[in-house]
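Heads up, the next two complexes both have subunit A, just with different partners, subunit B and then subunit C.
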Partner chain A sequence: MDILLQLLLSGIALGMIYAVIAFGYQSTFATSGTLNFGQGDALMLGAMAGLSLSGSIMGGPYVNYWLMVPLVLLIGAFQGVVVEFIGVRPAIKTKSEFGWIMSTIALGIIFRNTAENLWGRDDLPFPSPLPTEPLHIFGANVLPMELLVVGGAILMMVLVELFNRRTIYGKAVVATASDRDAAGLMGINTGLVITFSYALSSMSAAFAGVLIAPITLTGASMGAVLGLKAFAVAIIGGLTSGMGVIVGGLLLGIAETTTGFYISTGYKDVPGLVLLLLVLAIKPSGLFGKKAIKKV
Partner chain B sequence: MRNLFPKWATPLLMTALVAFSLSAAAADPIKIGLSGPFTGGSSPMGISMRDGVRLAADEINKAGGVLGRPIQLIERDDEAKNERGVQIAQELVNKEKVVADLGFINTGVSLASQRFYQEAKIPVLNNVSTGSAVTKQFLPPEFADNYIFRTSANDTIQSAMIVEEAIVKRKFTKVAILADSTNYGQLGREDLEKALASRGVTAVAVEKFNIKDTDMTSQLLKAKEAGAQIILTYAIGPELAQIANGMAKLGWKVPMVGSWTLSMGNFIDNAGANSEGARMPQTFIQEPNTPKRKAFIDAYLKAYNPANGRIPSPVSAAQGYDSVYLLAAAINQAGSTDGAKIRAALENLNKKVDGVVTSYDHPYTHDNHEAIAPNVPVIGEVKGGHVVYAYDEDKKNPVHIK
Partner chain C sequence: MLQVKDLKAAYGQVQVLHGISLSVPKGQVVTLIGSNGAGKSTTMRALSGMLKPTAGTVMLGGQSITGLPAHRITRRGLAHSPEGRRVFPAQTVRDNLLLGAFTRLTIGSSRARGDIEGDMDRSLDLFPRLRERQHQLAGTLSGGEQQMLAMARALMLNPEVLLLDEPSMGLAPILVEEVFQIIGRLKAQGMTMLLVEQFAAAALAVADYGYVLENGHIAVHGPAEQLRNDPKVRDAYLGSAH
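What follows is the complex of A and B.
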């Protein structure tokens, strides 16, 4: 029983990491129908910027962990705006179906190479803001930092939901998401809304980066695997549902830890990917996604 | 056409030209290839090896060079990628025309690239690659002569030492193996299983993980549930750190013993206090317990000033340093830079080479291209962020001769 609980808790922590990153895919898909495939690299930039500010690699620490988070959010938002401006806007303007895929991947690679030159390619330790002694919960062990990841992920999603429902700007985002053309006719600057959604997307990736960095390793290549897993989560949960990414993340995270234990650690990535294939075959819009009717 | 020079001038000019080209030949540098990963996850090993080689080459050049000619290093970064290694090998062989190559950190890169040197009859000294197959790629009768040598302790030696430490010295009976899914990890796991079998032990759990995996819970829980008393590892720094950190998280602390990569800076830094007590085979430990070692460590720290006064990978640096002296001794003995003659000299070195790792007395023969024998390496232990001797008697008798 202890074992199962430990596997579940570790799976939840892992799943919430995926969910936070997957959340970034959603926000841009909702408003513009495009995705930022450089999401993993946005996460890495957030973590590396955080380490430069609150760690000692760039002659710091300049600020403590908690003060560093808002600064990293700003850096993330700026990075998102850059991606949208250079990579996505031209593609949307020319109604290119695939241009944004290549350009967001290309930008991701550029960011990673820049990071390699700035910070080197080695994995670095990220000082943990919380004690590293595990907490005991019903016989299972959890790191305080893992609780912070879960809490941070939920908090971020709640804030975004509140923003969308309670503020006029949020309503503009929702309106653009449900019908871009109609929203444009109602006087909403949909271009600006899309830019904003990219800022939000990279901001959430950067936030995920500084949240998870103390429990994973921090380095220029940290985003590659995480970005890919999060993409699977976004597809499983559905690209249009906030609930979907949480459920998708938890499913994938728990599938990984339990398969690793009960079947074989060599196959731990398989069930999650089988789930992905099943979802794509049976319900392509994701477990919680709304079916999109493409009008041609 | 009008003649520019008087008739008597031509022979004079010719003589001058010949004399000039002769003197140029005398000072012509000896080109030696130096290849390894100077960027990327393996770079702590590659850079330490490179710096060790540079240090030795500088010393030799200051003392007058080899055969009166200076050594010139042709350095190339193979990024730990097989395909880069292959390109570099061709460039060094065909374009730069090196007389020998020092290098290779990664077993995969060695196996992919060595063919070009073998075919061109240019000797290679593998300074770090540990895969058991590295020196056995070109054996007789298929190949008359093997041009591939090694200065590091191979995986057969290392896995035997790991098992001896766990089973014989520390008397554990239940062991778990955790290895990464790369060639390095999986070939090492096979060697470990063989070494365990020779002691009549079967691992209670054999688990694997991928590079960049962030969660080791299931692997560790399986080992724990199987009743493992010790964990044997074959992986590289970052993932080893995740294992050590994962154990701390589960509140399950058993000893870690593994391949020499447990001495990597990126394991010690990323695992912090959790790296304490990890043990691994080492050919060299940054401990000035002989005058030769003291001089080497002082010179390295002075020249490259690494963070915290710690050589990123002391083993790689020492093996790289020694390889230059071995090669220089062979070139001197051969009296030529011809590849076949250098190989023959390496296989029968008359002069004893006093190195940092050990004292090399006839290190190679025609059929044995391993400079390191099972008795040479010692067991190291991570203590306070540094690798130190695990056993005092090794520290007191520092030089183990093959």
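What follows is the complex of A and C.
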């Protein structure tokens, strides 16, 4: 029983990471109908930048973990702007339906290669800002860092929701997502809103990167699998539903940790992928999605 | 106020507007009538920047707005209540109205902020049924209520020129009358308007001047009074159906 609780809690932490990355996919899809397939690499860049700032690999640490986070968020946002500007804007301008797919993947690979050259190919440990002694909660061992992951993920989503509901700029983002032409008539620069959504998307990936890095290892290839799984989460939950990515993330996270323990770590990816296939077969718009993937 | 010369527009390869010239003087109501598919909505879209014109010039208050993107034209003070309402369904009535005032609420924008709350109040006075529903999601309004919201939202810009594309579409007869009364009231307040309406007779009654659009050309134009008495216009547009 204790072990099950522990697996659940680890699954929740992992699931929230997936949810944060998946949220990034949603944010660009909502405003522009496009996705950043370099999300995983944005996550990796965030973690590597974080390690360079608050670890000792580049003559640091320069700042502590807590000061590093806002800096990494800025770096992530900037990286998103670059991706939108180079990879996506031209495709939207020319109304190319698929141009952005290849260019966001290509940019992701370029970022990964650059990271390999800058930081090497080996996985590096990321110093934990919190004690690494597990806490005992109802008999289960929980890393303080796992609690931080869950808290950080929830905080981010609440802040974005407040921004969307309470500020005129957030309302403009929601309006652009629901009807781009009509939003333009309100005087909203919808091209800029799309750039912003890319910034937000890469920023959330970078945030996920510095949240998860202290629990796992940091390296140029850390983002690939996470980015892909979060994409599965976005599809499972529905590309248009905020609730969907949280539920989808938790489902996948818990499925992985429990399968890894009760069956074999070799099979831990299988249940999530089976879930993905099932959802695609039965409800292609996702568990919480409203309409099928087709916009532009 | 609004001066349009030889405006052409197309959807892809299909040319829809073949050189339209019209003018909307300050403080006047001008109406554009024509049968379905004549290009009325396309004209509106080409003016507000929803559609980029392929040729011609559009001047607003003496300055060219030709080919500008929609958000920049809006910032110059042209409001467009588009065909098919286009309200933001997942946001409240109040949020929709605030979005209408977006360019007045943001930092560094060219439009004066003015009295947002006061304007909101006046809009809701104009459309009392919106006041009762101001905290409701726009998507839950009836079609007619959404139509009113689209109009109220456009007014929140405090525009120099207001383009209204079929503001009475989908409304019950009593409400159609109400909408025309509201247009009359706005006119009395000095609002400059370009109006597209299926009820051509009612539109010509409230308008100062009219243009008849046929297949992307202006066929006839003249003072509203004159068009109402023109036998050809009568037969084609003021008959039983309209």
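By definition in this document, the second predicted complex is superposed on the first by the 288 of 296 C-alpha atoms of A that agree within 3 Å, B and C clash if a C-alpha of one lies under 4 Å from a C-alpha of the other, contacts with A are read in each partner's own complex, and residues count from 1 in each chain.
Here is the rule we use: a contact is a pair of C-beta atoms (placed from the backbone, for glycine too) under 8 Å apart; a residue touches a chain by one contact, two chains touch by 3 or more.
Keep in mind that what you see is a predicted model, and the values were worked out from it rather than measured.
Engineer: Tell me which partner A:D179 touches in the superposition: subunit B (first), subunit C (second), both or neither.
Structural biologist: Second partner only.
Engineer: Please work out whether A:S103 is in contact with subunit B alone, subunit C alone, both, or neither, and reply first, second, both or neither.
Structural biologist: neither
Engineer: Considering only touches as defined above, state whether A:S10 meets subunit B (first), subunit C (second), both or neither.
Structural biologist: So A:S10 only meets subunit B here.
Engineer: Name the chain, either subunit B or subunit C, that contacts more residues of subunit A.
Structural biologist: Looking at subunit A, the partner in contact with more of its residues is B.
Engineer: So, does A:P125 touch the first partner subunit B, the second partner subunit C, both, or neither?
Structural biologist: So A:P125 only meets subunit B here.
Engineer: Pick one for A:S202: touches subunit B only (first), subunit C only (second), both, or neither.
Structural biologist: After superposing on A, A:S202 lies clear of both subunit B and subunit C.
Engineer: Considering only the touch criterion stated at the top, classify A:Q79 as touching first (subunit B), second (subunit C), both, or neither.
Structural biologist: Touch status of A:Q79: no partner.
Engineer: Output check: A:F261 vs subunit B and subunit C. Expected answer is one of first, second, both, neither. What do you get?
Structural biologist: first
Engineer: Starting from the residues of subunit A touching subunit B, keep only those that also touch subunit C in the other complex, and list them.
Structural biologist: Dual-contact residues (subunit A): none.
Engineer: Inside the complex, what are the residues of subunit A that reach subunit C?
Structural biologist: Residue positions touching the partner: 168-169, 171-172, 174-175, 178-179, 181-191.
Engineer: Using the touch rule from the top, collect the residues of subunit A that touch subunit B in their complex.
Structural biologist: For subunit A paired with subunit B, touching residues are 3, 6-7, 10, 13-14, 17, 116, 120-125, 132, 134, 136, 141-143, 212, 215-217, 219, 221-222, 224-226, 256-261, 265-266, 268-269.
Engineer: Where on subunit B does subunit A make contact in their complex?
Structural biologist: It is residues 39-41, 43-44, 181, 207-210, 212-215, 217-219, 221-222, 225, 237-238, 241-242, 245, 248-251, 266, 269-270, 272 of subunit B that touch subunit A.
Engineer: Would you mind writing out the residues of subunit C in touch with subunit A in their complex?
Structural biologist: 48-50, 69-71, 74-75, 79-80, 82, 86-91, 95, 98-100, 102-103, 105-106, 109, 111, 153, 157
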